[in-house]
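Input: a single structure, listed below in structure tokens.
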Amino acid sequence: MGMTSKQEAAAAVRAKKVELGITWAQLAKAVGRPVAWTTAALLGQHPMPEAEARAAGELLELGPDVLHALRLQPTRGALDQPVPTDPTMYRFYEVLQVYGPTIKELIHEEFGDGIMSAINFRLDVSRAEDPQGDRVVVTLDGKFLPYQW
Amino acid sequence: MGMTSKQEAAAAVRAKKVELGITWAQLAKAVGRPVAWTTAALLGQHPMPEAEARAAGELLELGPDVLHALRLQPTRGALDQPVPTDPTMYRFYEVLQVYGPTIKELIHEEFGDGIMSAINFRLDVSRAEDPQGDRVVVTLDGKFLPYQW
Amino acid sequence: MGMTSKQEAAAAVRAKKVELGITWAQLAKAVGRPVAWTTAALLGQHPMPEAEARAAGELLELGPDVLHALRLQPTRGALDQPVPTDPTMYRFYEVLQVYGPTIKELIHEEFGDGIMSAINFRLDVSRAEDPQGDRVVVTLDGKFLPYQW
Amino acid sequence: MGMTSKQEAAAAVRAKKVELGITWAQLAKAVGRPVAWTTAALLGQHPMPEAEARAAGELLELGPDVLHALRLQPTRGALDQPVPTDPTMYRFYEVLQVYGPTIKELIHEEFGDGIMSAINFRLDVSRAEDPQGDRVVVTLDGKFLPYQW
Amino acid sequence: MGMTSKQEAAAAVRAKKVELGITWAQLAKAVGRPVAWTTAALLGQHPMPEAEARAAGELLELGPDVLHALRLQPTRGALDQPVPTDPTMYRFYEVLQVYGPTIKELIHEEFGDGIMSAINFRLDVSRAEDPQGDRVVVTLDGKFLPYQW
Amino acid sequence: MGMTSKQEAAAAVRAKKVELGITWAQLAKAVGRPVAWTTAALLGQHPMPEAEARAAGELLELGPDVLHALRLQPTRGALDQPVPTDPTMYRFYEVLQVYGPTIKELIHEEFGDGIMSAINFRLDVSRAEDPQGDRVVVTLDGKFLPYQW
Amino acid sequence: MGMTSKQEAAAAVRAKKVELGITWAQLAKAVGRPVAWTTAALLGQHPMPEAEARAAGELLELGPDVLHALRLQPTRGALDQPVPTDPTMYRFYEVLQVYGPTIKELIHEEFGDGIMSAINFRLDVSRAEDPQGDRVVVTLDGKFLPYQW
Amino acid sequence: MGMTSKQEAAAAVRAKKVELGITWAQLAKAVGRPVAWTTAALLGQHPMPEAEARAAGELLELGPDVLHALRLQPTRGALDQPVPTDPTMYRFYEVLQVYGPTIKELIHEEFGDGIMSAINFRLDVSRAEDPQGDRVVVTLDGKFLPYQW
Amino acid sequence: MGMTSKQEAAAAVRAKKVELGITWAQLAKAVGRPVAWTTAALLGQHPMPEAEARAAGELLELGPDVLHALRLQPTRGALDQPVPTDPTMYRFYEVLQVYGPTIKELIHEEFGDGIMSAINFRLDVSRAEDPQGDRVVVTLDGKFLPYQW
Amino acid sequence: MGMTSKQEAAAAVRAKKVELGITWAQLAKAVGRPVAWTTAALLGQHPMPEAEARAAGELLELGPDVLHALRLQPTRGALDQPVPTDPTMYRFYEVLQVYGPTIKELIHEEFGDGIMSAINFRLDVSRAEDPQGDRVVVTLDGKFLPYQW
């Protein structure tokens, strides 16, 4: 039926990005959105509005079928298996294994019973310079949602 | 054999904490360490040095067998199943499902091939006031480790 | 061989629906059935009678092989893994994790030993306006079946 | 350490409820909360405020250690395995297998990209009389949360 | 809390049955129900009415806590793992692996889209004499439930 | 290599069966075997002798490569996952979850230690008329095999 | 309820066997059965007739509750997980991974469609002397059962 | 790329074998190796030396790409899932479930702590005539390897 | 039946080791074996000869039941789940995920088809001083075993 | 889209390597890197710098699309399933099952709380000659990383 899937669109994005030497930061600038949102959307985890898809498509020389796929509503979930095998991603799973209950206790102590939203949510990845070796700082920032009947 | 396990010690900590109305923040102050480290250690994910264990023990009126357990080297890992069922913890797993590859791409773009250490690592949970509802801000801060042969 | 599978038919439906800007509500009206049934059937979870398939096919400009697939008896089951990763679908799994035994207790208290049928069953998704933010209301409505030897 | 866990408290509740012939509806009335919330809380999926725990405890003749457990913050999740084996609970999992993508499509068509909250959420189980056999009606009612960066 | 669980009650039934040399057939006669229902109920998969529990309890010399447990509403599901390891039970799983789609096709050919109920359901295990070796005949007999919106 | 697999042959059978409006019963008659055996064989779970394959092939207008595949020795097992998701097939898994130990007890009481063979085995699916709704009767009939060293 | 389980009986057998310095061969001689059968029965995988249980019990100085447990009908299956972790047992799983289809092909070539029975079955473990290192020879010997409708 | 994989080569072997009516025994004779080794190698579990691959290829009329694949070093493991679903192969898994600890005990009693090698290993499948039905005899014969630091 | 299991013995060893301030190196010296072997044996993965068990027992003030357990033949396997969650152990699993096929290729290039024995095997953990941070060096040293029919 | 994946590139490398009779050692020499790094990179677990990719490509006569794939950032993880089935790789998993906690204890005894890095890491596979059979020596050498807040 010839529709490009979001996975195929993500592969096309990655391929063109390497071929043309374009960064996620440049893509975010062209799209006019934060870099993490732009990356997630181009990897198929957010539907892109038409203008944003077109802006990215021009920079990356993508065909209309890829643009079409970028605009589709995704069925989210990017891990092949419940526990990720890639070391860069695994470290975040390890953080959850080691510090998950700690984060839960501290949220409850500060806010009461509820959760950090992963929907009303933004994230940022940045570099903190440090003489003993620079640091990756990932900030997860979500609205607190109290259990409310 | 009668040794208290780290799981039993964590249960005792939680029970006394509620009974005596003590917060993680108060415990962290008594112990003289950041609150997230103190919480993780008292929940059994870090070995506590003797002085720290004793300071926590005095505040929580813990017996010597519990103090002993707090000082043991842990076998880490706090989730009962690969995918956590508690909604507060699940949201962090969901972040990994939706944004894992995004985080990976942004680390590689900024730092090259490597990982954020989960060992040379600290985390912080804080509140960001917001007129549309306060926000939970979790900061993951780990040293970048480049793949190095 | 060359037969279109129900999965391929569902993909074709989704693609044409976006391309032509048609809603599920319009499709349900054309088909003459409730919108949830129509959506489930076009996604491959119910066999469609010939007339209904033809009505949908005209609106969506589907070929005869797709119509043929829509009429086939399905092997039901739409999740790729036992626990869904898509956040919109996961919330319903979370409801089952948190409230499953509650629902079971209340069914038994009201009806005695038995189940809510998922076969003699209909569902509805609607919007409830609310000044604090509109609400999604999902109604599951199935015949009670008592354990009966 | 002698603290009663929330699982043990739930077992005590179930036992006394049968022994004394008390219904969830009576418990809800005594507690002054909706019956589904009360049931979930007494089964260990919500922390109970002190007054509510005391009201339930008086009706059920529960000891202070059980009351204490009812007030604790839970680590939620009530299924022993990812897929429930009990037929009454399984039917809801089957609904997710068969109609999960349908519910997702209809939420997106009506509300756009987002989820039904399972936190700002209430549920109700009721009986609908029907000459062909009464029906179980389960209403899931959660605030819509749009994806919002 | 001291309540006997349904698993413990089933163990007590099995133990007394062997000790006193009583058969399931004798128990069924005392209870006044079919032998398969009686066995399933005493193994904890059906709640027993008071009279039936008392009749079984007298024959097996069971204490009041066991009788109490036999009357409780069960959370059903008797396999330790998704695939049974016991050879006598595994053969029925193998039948499902080899003949499951066949049974599905024949139900649909004879009855249309729907299921055999496992709730409005009875089963029987009998011996068919055969010169080449007697045969086990298991009859599964459930009401047909058509998919009905 | 170009050999048709048994899965592809089964898909071809299903497609032609719908296209030509042929039933399993008609196929069984043409093949000269019981309908359940014929269905299982055409779905790829039994190797078909040449004459039977040819008879089915004529009725279904199958090509020689499909006939060839029908004759091959299968690697049996028709479920995509350990627990089937299709409701019509799941009910039989549920029977095993609820009544598996009951069936085991009754086989041992009647026959001693051993199993019902799933190899020296036949099954039948039939309709039992019933004023309260017709019933699906599935008969599993296998030789008893005693544990014998 | 105080009944000894077959697992506890097996543990008692292993403990007394080491304490008293008795071999499986001596036990088999006392019991009057092949050594592999005797070992499997004492480890809880076969029910023991009264005389055999008593003979083993005398040699191992077992109490009456253990003898009772040895006589019970087992629910078979001795592996904690689907894939065994013990290296001595794993090698047999590895044989199945590497040579399973080979064994299947050779059975079908020699006997036609069917199986080697694991019920009408015996096994033997013996030593074959070899100048390059003695060999373990495990003989699996089961009746061929043809697929027979 | 265009290289034939070992799985594709095995499929080609099976297809030509049926088409040409050749047995594993004939192939073993042509290859000059034991029949079980030859079968395993042609199914992709052993690398074939050039001469053996050529001998098999001549008999089966295989192309050079298939011969090439037969000579490659395999990544072994032939089961699609941890527990095999095919009844002929499952019986060997069942033997491991029921008799695994027995085999382990008898190896340790006869040889001390160690394993039967699955590398320095050969197997044989043969027919033992028996008036009560012929028997499949599978002999597993591997060098004993003692734990040796 | 009062026998101490190897897991309980390992817990006792760990507890006394911390209580008395004894190192694995001191234990290895007392026992007269390499430190890695001694550690593995005291953690329950090797049976200890009587003299070695007694030497360790004297240093650690262990009771006779613990000594008895240390001498038993183990059922090996020390991970609670297939993938370890403890970060110190996980890194070795990650090495297998990232470098497993590399190790396999290099073994085959150097030695031909076969394996590194994990039975005729020793390991060593040592420190390599390095100005950029000391290094953990783990040496796995096992006999090569060629595939040999 | 047409981009070659790293898996396809690895397959091409393996095929050309066999066709042209080139060893990993020769490739490592051409690339100017250690043999284990070179093998891992060509199997798709490390991104290759352009010069290294070109050197390997010349020796192996690889096309530009393969070279392109070799340079891409990988998503690491080379096992098809959590537990490897190939015997050569399984032995390393077995080492982790049997000796994992031993390695953990010895690292903690020598270095304190922390891990061996799998990122700042190198490995070597070599042959140790031994009159009783040569030995495979695998050296894992990673920087120690202490837990550091």
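Chains here go by letter, A, B, C, D, E, F, G, H, I and J, matching the order in which they are written, and residues are numbered from 1 within each.
Definition applied: a contact is a pair of C-beta atoms (placed from the backbone, for glycine too) under 8 Å apart; a residue touches a chain by one contact, two chains touch by 3 or more.
Since the structure is predicted, the reported quantities are computational estimates derived from the model, not experimental observations.
Listed by label, the chains that touch chain C and also chain E are D, F.
For C-E, the equivalent interface among the listed pairs A-D, C-F or B-C is A-D, as over half of the contact pairs agree by residue number. Residue numbering shows that chain C and chain F use the same positions for less than half of their mutual interface.
By number of C-beta pairs in contact, A-B leads over the other of D-E and A-B. Look at where the CA atoms of chain D average out and do the same for chain G: the two points lie 47 Å apart. Mean C-alpha positions place chain H and chain I at a centre distance of 33 Å. Note: centroid distance chain C to chain I, computed from Cα atoms, is 54 Å. Among the residues of chain E, those in touch with two or more other chains are 75-77, 79, 82-89, 94, 97-98, 101, 104, 108, 114-115, 117-121, 145.
Those residues of chain D that touch chain E in the complex are listed here as 8, 11-12, 14-15, 18, 81, 83-89.
Listing the residues of chain A that touch chain B in their complex gives 23-25, 35-36, 39-40, 43, 45, 76-79, 82-84, 86-89, 91-111, 114-118, 120-121, 123, 125-128, 130, 132-145.
Chain C contributes residues 83, 85, 87, 90, 94, 97-98 to its touches with chain B in the complex.
If you check the complex, the residues on chain A that touch chain C are 1, 3, 68, 71-72, 74-77, 79, 82, 118-119. Touching chain G in their complex are the following residues of chain F: 33-34, 37, 46-47, 73, 75, 101, 104, 108, 113-115, 117, 119-122, 145-149.
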